[in-house]
Amino acid sequence: MKELTCSPHIHSSETTAKIMWSVVIALLPATLASIYFFGLDALRVIIVCIISCYIGEVVSHFVFNRKLKSFDGSEVVTGLLLAFVLPPSIPLWMAGIGGFLAIFLVKELFGGIGFNIFNPALAARSILTVSFPLEMTQFTAPLSYRVDAITTATPLGIIKEGIGGQLPSLWQMFIGNRPGCLGETSILLLVIGAIFLLCRKIITWHIPVSYILTVVVITSIAGQNPIFHILAGGLVLGAFFMATDYVTSPITPKGKIIFGIGCGIITSLIRLKGSYPEGVAYSVIFMNMFVPLIDRYTLPKKFGAIKK
Amino acid sequence: MFQGGVKLVDFKEISKDKVTEDFPAPEKVIIPLSQHTGIPSKPVVKKGDTVLKGQLIGENAGFISSATHSSISGTVAGIENCSLPGGRISTAIIIENDGKDIPVEPVNRNWQDLKPEEIISIVRDSGIVGMGGAAFPSAVKLTIPKGKKADYVILNGCECEPFLTADYRVMIEETDKVVEGLFIICKAIGVKKGYIGIESNKRDLVPLLREAITKFVSEVVVEIKVLPEKYPQGSEKHLIKSVLNKEVPSGGLPVDVGCVVFNIQTALAIRDAVCEGIPLIERVLTVTGLVRNPKNLRTRIGTPVSKILEYCGVELKENTKIVIGGPMMGIQIHTTDIPVIKGTSGILVLPQEFLPEKIQPCIRCGKCIEVCPMRLVPAELGKYAENQKWERCNEFNVSDCIECGCCSYICPAKRPLVDLFKWAKVEIRKAGTK
Amino acid sequence: MKLIEPKNFFAGIWKENPIFFLMLGLCPLLAVSSSLKDALGMGIAFIFVLTGANITVSLIRRFVPSHIRIPVFIVVIATFVTIADYSLAAYLPKLHRNLGVYLPLMVVNCIILGRAEAFASKNNILNSALDGLGMGLGFTLAIVIIAILRELPGQGTLFGIRTFGENYKPFLIMIMPPGAFFVIGFLIALKNSIGGRKRC
Amino acid sequence: MKKKDIIIGLLIIFIITSLSGYLLAQVYKVTKPKIEQQKKDEGQKLYKEIFPEGVEFTEEKEYIAVYDDEKKLLGRIYHIVQAGYGGPIVIKAGFDTEGKVKGVRILEHSETPGLGAKITEKSFLNQFAGKSGKKLYLKKYDKEGTIDAITGATISSKAVSDGVIKIQEKIKAEGKINETD
């Protein structure tokens, strides 16, 4: 007898793999920009991250007896995003450890795709930041690979420490000609990728808009230039690509807005009052923990719910 | 307009312009006694009896029950069990055709002269049930419970399921009768306002319907509502929301917001029963999909599906599946010996998808929440059902799910959400009756 | 029960290990396992307090009415903890400083109170002493293993001696609180996969 | 519960508490001198590290005065708490009578391990010895500064240097520097 399937008998053509590869496509422009600004260093870090993510997947397949799933591109996304939040000059073995931990520790240990609590890329970055603080805070100046690599402070670092180095102009920061993590610098190309995702309806406006707006409001109140705060640091990368990660963000539109506002508040607080110059990674990870709670209290009201 | 839902490619061109053909009465019909929601009807014939077309063979067995009639003339060959779509088994009366097709004596009535109670009793005796799929006895719907009041009747012409065109053909070919049916229903319930809801892909019906309405002199005002194409527009509760902007309370009935909804073909059947005394013995259905000759067929109740497929030129292959109903809510059948029943709106031949291999874990994309017309959280519900946490399912209102299939359709991980919810509902009901 | 039963001693070390099986007393375990030296000191102090408290509780078990047993246990435990505290401060001041607040916090450690309540108040002195020694050794074993697994990668040293050479880049997270959680999680998983899963 | 039970319970608790109190008192008696000696030794060791020439260290109100074996005042050791990167940094810094730094030690801090925590390393702290005035500034912050910040931990380094400078200014203001300078 034939195996019967339940209704519906037609399905949309969207698949997990398609979504993942779309994210990869959306990240491509910024990837190219990072290679342009930081040279082969950037390319090497990206390749190492992606490969180590795969290694993590294969190892967890053996350790947890898990079915090795088909090539759905989620490791490429994680690897790419991890590479994007690492400094270009990071030793490759560190990037490798990061990629492996992102998949093995942060994702597979919690049950694999769909079950992780924290954003794998950002959690791995945080592990690397506390483990190797020196290497994780050394940033090379953009385009300096053509002569010889110079270490310099990021715009946010300059503001935080109050000394040394000249702030890049807003335009330079917009196109990405500034020191910083590998993929976070080119706001222009990140936004192009983000628009692609918005048009593909893979991400919604809720989290990025509420996130960035909150940062704008708080930094303006604090008397700082909000445009500077958008362009400097990883806010755009975080708001469009990290905080919107399906698995680790709330599922309802209302919850997404709350999540974005929470991220924005924590990011601004860390930037303005905290000891780190940048707070996107920690704020997203922090808010990740609240996702089940937010989900619980932002359930949509069911159709025909009796009004009390 | 209701929230959620999906926009589907409707595939209606395949059979949209095929004029309804009469499917010749088969040599043998299998008429199940449980074609409707509620108690099965009680057989009143025995093996060897001769029956006429339209003769009562199963009588009403309770309040929520319905009568059953023979759809051909011939002899009763036996009373046996037969399987129905969805794995149900029902007692069925098998009648061998004598080829004469002798009907019971026709009547000619003018509905204007009838009292509402008389109309309702005719409807009950004629075995009319909702023909959109749910097969709820129409007479029960026409009887407004005490303490409640109906102000509107809505005729459901949405046919929001892709592929299906039977209702559309009926509305084109039998416009007058359908509209007359609506007036009869209004009279039976005693309301002054009727609506006909159609989706915008059937806009060409508007002048036809409008013309038909003018043919009847009545105090009832009928309005045609052209609604945007969005699945599941044809769901009773969502149609009411779209037409009247009222939400039927959870667990309630349409009549709680003063409204009663009937399917197009049900209206036609009511009209035929009231004016001509013809009980429900045939219906129009669409045969489409991977079919050489897609058709809209007027078929006798009890015709085996295999005969229809043969007629339309369907070769059964390993990689095809037969679905009774539309692609979103229809039920796949394992054998073509199943008869056409009152709620069969279409027979669909689709390619078999080997879904179980494609199922992946939920990635919480939230698309199912966006599309759920009942505003539930299918993603979470699915996880609870998968882990057999029935109390949690109940807490998250799985019982409100209308099984429209939007969530499963949209899910990028191809999770069998509807399947899980059906399971959860069964388990909850089991726990409830213990 | 017999006067002396050796299995009471071994239960604490492996089968009913207070950390990996009972999952009690995780606070000092997480806090002072970042270096092997401190961990060993903590372990020894722990064995002393646990054995002493067990013996004393067993000794007085017949005189203490059940409704005041908990305060009495606390007083007994606090006495031993204070003795340990003074002695360490007097003779091993550096270790005393490294253990910091976690030494006095032993007073409320659930392993010690738990053993007093669950074992020592129901068994004779010898068995209670064995139980205290076993449980204490189990705790020490656990904290030492965790300390090795944290100090080695986290500082590149063992007992303060460099093991991986000058060029080793310490994996600092291992000597921070998260590292303790990682290690303890993996060890519990390992124990469960070897010794059968604990059914809850 | 009967009254008798309560009284018996109280009695037992009283006996046990008294016994343990007595025991602890004995232990305390034995260990107290040891503990005090340890504390003193520790302090002396630290002062000696900061001020190797010093022989006698006496605690004054705001500082610790350092004398040589002929009771001549050599300098003072100050204590200051400065906000660092991860929290307060407790610094002890010794100055000779001319106002030059003799030595700097960090007592407590909560800087990032592997980064800011390097302020406790001698290679960093020894930079201060023998310096005074603007030379105590970090190179990054002042043209005349001579202190190299720890790579990647400018804020922690600056906190130490700021702390030392603050004491220096205080000494100057209080006129505790010999006019010979």
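When the chains are written out, they are named A, B, C and D in that same order, and each has its own residue count from 1.
As a convention for this text, contacts are C-beta pairs under 8 Å (C-beta built on N, C-alpha and C of every residue); 3 or more make two chains touch, one makes a residue touch a chain.
Source: prediction; values computed, not measured.
S.K.: Have a look at A-C versus A-D and report the one with more C-beta pairs in contact.
M.R.: Counting C-beta pairs in contact, A-D comes out ahead.
S.K.: Central chain, going by Cα centroids?
M.R.: That would be chain A.
S.K.: Which chain has its C-alpha centroid farthest away from the centroid of chain D?
M.R.: Farthest chain from chain D, going by C-alpha centroids: B.
S.K.: If you average the CA atoms of chain B and of chain C, how far apart do the two points sit, in angstrom?
M.R.: 70
S.K.: Could you please state the distance in Å, as a whole number, between where the Cα atoms of chain B are centred and where those of chain D are centred?
M.R.: Averaging C-alpha atoms per chain gives centres 86 Å apart.
S.K.: Give, as an integer number of Å, the spacing between the C-alpha centres of chain D and chain A.
M.R.: Spacing between the chain centres: roughly 43 Å.
S.K.: Which integer distance in Å separates the CA centroid of chain A from that of chain C?
M.R.: 41
S.K.: Find every residue in chain C that makes contact with two or more other chains and list them.
M.R.: 170, 172, 176
S.K.: Of all the residues in chain B, which ones touch at least 2 other chains?
M.R.: In chain B, nothing touches at least two other chains.
S.K.: Mark out which residues of chain D touch at least two other chains, giving numbers and ranges.
M.R.: Within chain D, residues 113-114 contact more than one other chain.
S.K.: Hey, which residues of chain C end up touching chain D in the complex?
M.R.: 60, 63-65, 67-68, 71-72, 75-76, 78-79, 82-83, 86-87, 89-91, 93, 170, 172, 175-176
S.K.: Flag every residue of chain C that touches chain A in the complex, lowest number first.
M.R.: Answer in residue numbers: 169-174, 176, 178, 182.
S.K.: What does chain B use to touch chain A in their complex?
M.R.: Residues 2-3, 6, 8, 162, 237, 241, 247-252, 321, 323, 325, 327-334, 348, 350, 352-353, 355-356, 358, 360-367, 369, 373-377, 379-380, 396-397, 400, 403, 405, 408-414, 416, 418-419, 422.
S.K.: Which residues of chain A touch chain C once you look at their complex with the stated criterion?
M.R.: Answer in residue numbers: 94, 97, 105, 127, 130-133, 135.
S.K.: Within the complex, which stretch of chain A touches chain D?
M.R.: 130, 132-134, 137-138, 161, 163-164, 275
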